[in-house]
């Protein structure tokens, strides 16, 4: 096993990795930009290396500086976390070239699955379902009509070179197809300098369900079940859970999706931890979407229901160990739900809200796991992702997990910045959520049906006024003495 | 002790006498203890209220967050008689961040919905639009400046 | 289900119960003595009732005041926690008489199991093994010789009316028996005004292993497996774990002990959660010791490995629900170990060390459960038990749980009072502990073989000196700004 | 800045100049940042040290707790020349608690091992015994008094 590992990341995942390394008795090397010198990860790590200025392009994305730091500190391997360089094949190769172990899949697998079209080809070749459609561009309106007819309306026009929703059009009726192709094609030309568009069957209000896979470098590959991540804002996940409520309706779905995921990963020559994302339609047909060739933000959900430590396995597999778990050994127990705590204002279009955390009270107790990267007094930098922490509850069943999460949120207090805690309480209280009726369109409906909070009891308002008045008069000492009566001048 | 307060925008009156308070006519006995850094426990009629000072003037009571301003009565009266000059509209930063582009200049005539300033934080850009037609009378920031939420950036008349 | 429940306790268990009630949407009423007005439980509960002055006899042991508070607040039931009135049959009856539900076993079962001799008779009648010996007093030296001979040396002389080690004598050889009886008998007469002594087989370096039982009021009773609690100081548990390392050697032991425990509990007419304590000798023979007719301090260990929520079940059962779990449904997954964090000085004979907590940094992250009853700034009162919190780690196996606990302890900082954190690190690093070689005599050997900590690196000493110097010069603000360079006058 | 320090009972010398320190002859560059309430992060030679101020003068560095006294050099010299008067022995409270019984009076002749005072906390009583034979010259507490750990209760000569 490694003796020292560098963590090429920041925030909560860097803290998660420091903890995971410490539990395996491996020394950790944190890296930091100018904005992160005082970060929790740097404080907690065994060693720390400075990378450069705050912008990622000058720090966390600098392959040369990171490799250099690893060599200087005598690290034998690098864990990339998620984001930043984690899905960068060039970085994985640079590690290998420098004699360092990249803790992740082979660079070749990252390359293959990094391109959406190549990944789709691999999935098709492996026999995994993909959203039906044409892979090549539309050549004529006649061809488009025939394809759309055979797919069945509604269909989706997508730009071949696309991304971010540009050049995308939903088409519900054949009479709209021609003008839609014209519009989409022109938008694509404008956005990507490539006017090619193709057709896909539109999956209406799909669920986003992904499968965790885990494989070693000796050809053994298994799946660890699903995570349902349908609740998203701006295409970013905010709540993830396992089991997906769908599994209650169709218990065979996990096996079918898991088998498909394993086939795709095997076809890609995959090893280490990875995730295959699927869309699932109303009839529980699932379609390969893409593969994330790294540890996922929401990995704790899988850790809690399977009892397996994904980070620990990532390290062991990278060090050459055999994955000693057979598919039939994997058990899913209870229910886990994760909330991503962001520095953002859910009442103002989820705009980021960085700044200084002037107060922090964190939840704990039965069934609660908090993976946090912040502390009271920390100034959340402007420069990075607004994810502060992940609050995860495990309980014997989904209803109990929901109750437990609400309880934990009631203990969680963050001052100085805005966070999405109250937003989670409202979702967790939502009846459609309780029934497990999820889709990527969930939040659209939620915002429409959400009732405004009732007026607070007048006593609560009075308490706020009293505390504001008395805490104004007496500057708070760093530690107050709770057993002596609180006194003030009148 | 008698004070005027503004709680979540509503004016109120608070009177504290020993272990008794009067708030907008409601009179109750209470007990208050510090119960953690910036955290207070209040008991009123046997009910327990947890109050956390999130930041000065922002108090969370149980699951609700209140923004509270406290004045002695004279202060408040002076304040309300001032008021904002009619027709002027402040455009404030919706989030902390960096001003990446300024799309107008002082003196420009602008339309409702016209973009004024682009603020960026955490890779998200937010274009602030004018809520009404008018003229730019003040520009209180520069490109590259760091702003806090609620900071006045532009004044329209 | 209840709408409101009063918690007749304090400290970490009161916090645990507030959380458990909130997760079931039940309002909680905390009670407090003068010393506990500012306690975490009072702050977190929905309602709170004052009982009286700090001494337990005037507050937490006052049945009348507690019943009165419950009625005044409109509670429908009372949870007694552990300690205080939890095993007081009179209290259970007073609840019933006042029309309140006592959340625990029937008063009759408390009475039966509360007397050690009655409990032993019930155990014998139920066919559970007890430590072999004479129940009635020794009448003659000849009879004693014969009994001791048949039991086999070493034997233990115990005072019939005894307790606390008084009138107890270990006898290794027949020639010592007569004088030992004389001494023990005289000591017993002095201590208890009753000179009767009896003989028991001495269990050498026994393990303390207990079985959790759970039953409803409709006759259904199961066990939830064992907790090994062999590591004790002053007959008080400090580390508890499940599975017991013995289960690896003898996988059938859990079933045998569990079956015995269920028989005893059934014979006592037991319902709700309870624990049967056994001594286990070197040959893995187990002997009934006593029953605790309440929730145990160390219940989180069982909750983590079985995935069942004991507090939730206690409430449901008390409300009349059927226990819907069959014995065959109970599964034990992974390994959980609990450390009891006490305000005490392990370097000074474990003397209690109450006082003000001037600094508190609590661990979290993967696999860690912290059930705490304190906060930074809280003054731990002189008047009660020194238990501050329970730190519990769950991991897929025992070694990983040990590593995880050590990692969590490295994050845990308590200032202003002394706590036993470093003591736990040393135990968790001990090789005999790692091998699972546990007994109630463990700590005796541990203190002998424990090596003094090596001298710290000179850099660490320098860091201490620098921080002491600079934090002396600049009074710490309640919240420090971590992104600005720390400045000082030279 | 140059200071004399006593770290866990051992005297040492600390010199701080900008980002460099000298401690008992060891010279290193360091960086220090506040990283939480009462918590500091120090980097020395690429190693990360976590320092927590547990209470004034008690500093935890990684897993080790140090008790540190800081003096300017003159202070320390004055202090060491004073010293404890020979033959006098202070009996200090081993734990915080309440004095429940006093078993001796000033002027009593006592034997080594004789019980002096019983202190109670958290239901545990601790009888403090005399470490040597002698005479009670001072009794600094009373029954019922609350004492802190390390407080001098009795002086024996």
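Order as written gives the chain letters A, B, C and D; numbering starts at 1 within each chain.
Throughout what follows, contacts are C-beta pairs under 8 Å (C-beta built on N, C-alpha and C of every residue); 3 or more make two chains touch, one makes a residue touch a chain.
As the structure is a computational prediction, the values presented were derived from the model and not from experiment.
Peer 1: Comparing the two chain pairs, does A-D have more C-beta contacts than C-D, or is it the other way round?
Peer 2: Most contacts of the two pairs: C-D.
Peer 1: If you average the CA atoms of chain A and of chain D, how far apart do the two points sit, in angstrom?
Peer 2: 50
Peer 1: For chain A and chain C, let me know how many angstrom lie between their CA-based centres, rounded off.
Peer 2: Their C-alpha centroids are separated by 40 Å.
Peer 1: How many Å are there between the centre of chain C and the centre of chain D, using C-alpha atoms for each centre?
Peer 2: 33
Peer 1: List, in ascending order, every residue of chain C touching at least 2 other chains.
Peer 2: 37-38, 44, 358-359, 376-378, 410, 476, 478-482
Peer 1: What residues in chain D touch two or more of the other chains?
Peer 2: 33-39, 47
Peer 1: Just say which it is for the chain contacts: an open line, a closed ring, a star, complete, or other.
Peer 2: other
Peer 1: Write out all the pairs of touching chains, ordered by chain label.
Peer 2: Contact pairs between chains: A-B, A-C, A-D, B-C, C-D.
Peer 1: For the complex, which residues does chain A have touching chain C?
Peer 2: Answer in residue numbers: 15-16, 19-20, 22-25, 35, 37-38, 44, 300, 303, 307-309, 311-312, 331, 333-334, 356, 358-359, 362, 364-372, 376-379, 381, 395-396, 400, 403-404, 406-407, 410-411, 476-483.
Peer 1: Which positions of chain B touch chain C when the two form their complex?
Peer 2: For chain B paired with chain C, touching residues are 31, 33-39, 41, 43, 46-48, 50.
Peer 1: List the residues on chain B that touch chain A in their complex, please.
Peer 2: By the definition above, chain B touches chain A via 1, 3, 5, 7-8, 12, 14, 16-17, 21, 23-24, 26, 28, 30, 32-40, 42, 44-45, 47, 49, 51-66, 68-70, 94-98, 121-124, 126, 146, 148-149.
Peer 1: If we count contacts the way the header does, which residues on chain C are in touch with chain D in the complex?
Peer 2: Those residues of chain C that touch chain D are 343, 345, 348, 351-355, 358-359, 361, 376, 382-386, 410, 413-416, 418, 422, 425, 453, 456, 458-472, 476, 478-482, 485-486, 490.
Peer 1: In the complex of these two chains, what residues of chain A are touching chain D?
Peer 2: Chain A reaches chain D through residues 29-30, 37-40, 42-49, 72-73, 375-378, 478.
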